[in-house]
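So, here's a batch of structures to check.
Each of the next two complexes has chain A plus one other chain: chain B in the first, chain C in the second.
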Partner chain A sequence: MRRTLTVLATLALATPLHAAEGERIRVTGELIDTWCYFSGVMGGTDAVVGTAHHTCALWCSAGGIPVGLRAEDGTVYMVLKIEGSAESAGGDTQLNLASHVIEADGIAYARDGLNYLVVEKVVTDQGITNENHLDYGNVPEFSVPEEAR
Partner chain B sequence: MIRPALVALLLALPAVQVSAQDFSAGSEAKSWNLYAEKPARFEAKVVDVLCELTGDCPADCGGGARQLGLVRAADGVLVFPTKNNEPAFSGAVVELLPFCGAEVEVDGLLIEDPDIGATNVYQVQLIRKPGETDWVKANRWTKVWAETHPDAAGPGPWFRRDPRVNAKIAETGYFGLGLEKDREILKELYP
Partner chain C sequence: MIRPALLFLALSAPLAQAAGALPFDVGGPFRLTDQRGETRSEADPEGHAQLLFFGYANCRQICSAALPLMAEVVDELSAEGIAVTPVMITVDPARDTVDSIGAPLARIHPGFVGLTGSEAALQVAYDAFSVERAQIFDDPEYGPVFSHGSFIYLLDPDGAVLSLLPPVLAPEQAAEIVRSHLAPAG
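This part shows the complex of A and B:
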């Protein structure tokens, strides 16, 4: 019993209720619109990224919806800051990087099942490389107005 | 002697399962027919997410520039409101900013789809201070956008008139690959 108590005491001390220990990482991924991605409101996750969803990603970023970085392993990090700009709700930096694949160096945090990222440096900006428009068209379809078609 | 201590320790352990609680009781949230939505009404403190995680804390929660979160009173879970209640590509910061640092009661939809990493993601529909009877609808964003963009007034939704968005589309096209490539894509998609 005493050993169990010791183990539990160790666990309780080692795992604070609101743990947010940052970890330096370097990660490559696409900057995405997290609402459309997580909610499925416009279809599956492969359709709401890349060129197919670029205009909508601009709309959502300008509208203050949080931008995420979808890493190559599928992990999504909610991006809270990019190179000194903490304007994560509609800021220019995030808007200008919509749909871009970047290599980011920064501090990752995890809390209550979500991952977060403070990007200290955009190591490389590969631009928009996920060309999925032939698979999905433009998502949503009205993202290209009729007069432009 | 040992047993009360054991119970106390168990209570002190992180309530990993608590985040899976059902918060639907009393919710009046309207469905958006989303795959993983669950109605959820709960009390929470409005926080600046960057501050909450890193200790970088401006006095005004960032004045609308930063993402805001909800630290749920029942379990301390940080819920991330990513969407307001307008079907208009708009986030939740404008709605929650007036309540920066305050306790609120919110009603909306929790998105729980662990297969794609979505947990404790929230669409906020209604906000009020605890004990108040009247709700504030989380649909102020478009009005605030119009007030801050008087030069963009006109017909059609905001996202067709937003100067920054339109400048980006004018520069790199609807698909972001440049105007020449954009014309090629449009010919392929709409022959």
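This part shows the complex of A and C:
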């Protein structure tokens, strides 16, 4: 399969972790769809988060795309587990929290220049706070069946 | 939604040196059967490093991103003389049999090894890699759709896990990570 470059996205490592062992952190951020966020295939990073991208985020998670937690400082953590669920995508917890802003307590790992996070506890769940569908509509439009739009 | 795309994750910091052992416990022994009917363990019989993914040959979700990514990494590194074997362990043994698992994988890469086995033998591998699989719905055209593990694991020739790769990486970035673990220092 040949792939087409669509966008250069940034995985910001604002606070790089150097410990080989995990580091306990408490971090607040949105659980995002990492495929659409980094690929740019569905739009810019501001459009593929929040309410605008919630339906697609559900599809991607159900399809196996590991979820990420985009912290308030822009750091993206690839989520390995959430609260005892060994799944990184598609599980009930992952689907229920898609696009939600959460405060997570867990263990962060740095590996190969990427950040990973095992969420041991969702301390607070603010729900979906970014109502960007008012600006972007549903992104992408086809993620919602035509008859349901 | 999953669509083919070239992904670039531009790191704001240079790629870290390959780390030591993974700081979390994953991997372990298993004994399954490949598309030639031969028993295969976590070790590569030819002494190659391995890229391992849990999926199924008919998967049109994450596997359609992960398996081609693995193939591209294998080809890129092969050109540099670094041999890596792409391996998929099925989460759908009812359809991925010894006779059926090979052909769809060969269309992605001729070197792909497909592993299947009894439920008990597969469960050993799932447990080793903390893979939870569940049938989430039936696609009327393509049959059962499963949720399953979504990271690609880099194994050394003996089957020890060296690192993991999110399937959202660009092939170049994934290859760079693999290279950092396998290429001779110097």
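Please note the rule applied: the second predicted complex is superposed on the first by the 128 of 149 C-alpha atoms of A that agree within 3 Å, B and C clash if a C-alpha of one lies under 4 Å from a C-alpha of the other, contacts with A are read in each partner's own complex, and residues count from 1 in each chain.
Convention: contacts are C-beta pairs under 8 Å (C-beta built on N, C-alpha and C of every residue); 3 or more make two chains touch, one makes a residue touch a chain.
Quantities reported herein were computed from a predicted structural model and do not represent experimental measurements.
*Asks:* Once the structures are superposed on A, label A:140 by its partner contacts, choosing first (chain B), second (chain C), both or neither.
*Replies:* In the superposition, A:140 touches chain C alone.
*Asks:* Between chain B and chain C, whom does A:98 touch in the aligned arrangement: first, second, both, or neither?
*Replies:* First partner only, chain B.
*Asks:* Where does A:42 make contact in the superposed view: on chain B (first), on chain C (second), on both, or on neither?
*Replies:* second
*Asks:* Which holds for A:115: it touches chain B only (first), chain C only (second), both, or neither?
*Replies:* In the superposed model, A:115 contacts chain B only, not chain C.
*Asks:* A:128 in the overlay: touching chain B, chain C, both, or neither? Say first, second, both or neither.
*Replies:* Touch partner of A:128: chain B, not chain C.
*Asks:* Which touches a greater number of chain A residues, chain B or chain C?
*Replies:* Here the partner covering more residues of chain A is B.
*Asks:* Where on chain A do chain B and chain C both make contact?
*Replies:* Overlap of chain B and chain C footprints on chain A: residues 1-2, 4-5, 8-9, 11-12, 16, 18, 20, 22, 34-35, 38-41, 56, 59-60, 62-66, 78, 80-81, 86-91, 109, 111-114, 118, 143.
*Asks:* Once bound in the complex, which stretches of chain B touch chain A?
*Replies:* Per the stated touch rule, the residues are 2, 5-6, 9-10, 12-15, 19, 32, 34-37, 49-50, 52-54, 56, 62, 64-68, 76-80, 82-83, 88-94, 111, 113-114, 116-121, 123, 141, 158-160, 162, 164-165, 168-169, 174-177, 185-186, 188-190.
*Asks:* Note which residues of chain C are touching chain A in the complex, please.
*Replies:* 1-16, 18-20, 22-24, 59, 61-66, 68, 108, 130-132, 134, 136, 147-151, 163-164, 166-168, 171, 177, 180
*Asks:* Using the touch rule from the top, collect the residues of chain A that touch chain C in their complex.
*Replies:* 1-14, 16, 18, 20-22, 34-36, 38-42, 56, 59-60, 62-66, 78, 80-81, 85-91, 109-114, 118, 140, 142-143
*Asks:* Using the touch definition up top, name the residues of chain A that touch chain B in the complex.
*Replies:* Contacts found on chain A: 1-2, 4-5, 8-9, 11-12, 15-20, 22, 34-35, 37-41, 45, 51-52, 54-56, 58-60, 62-66, 74-76, 78, 80-81, 86-92, 95-96, 98-99, 107, 109, 111-116, 118, 128, 131, 133-134, 137-138, 143-145, 148-149.
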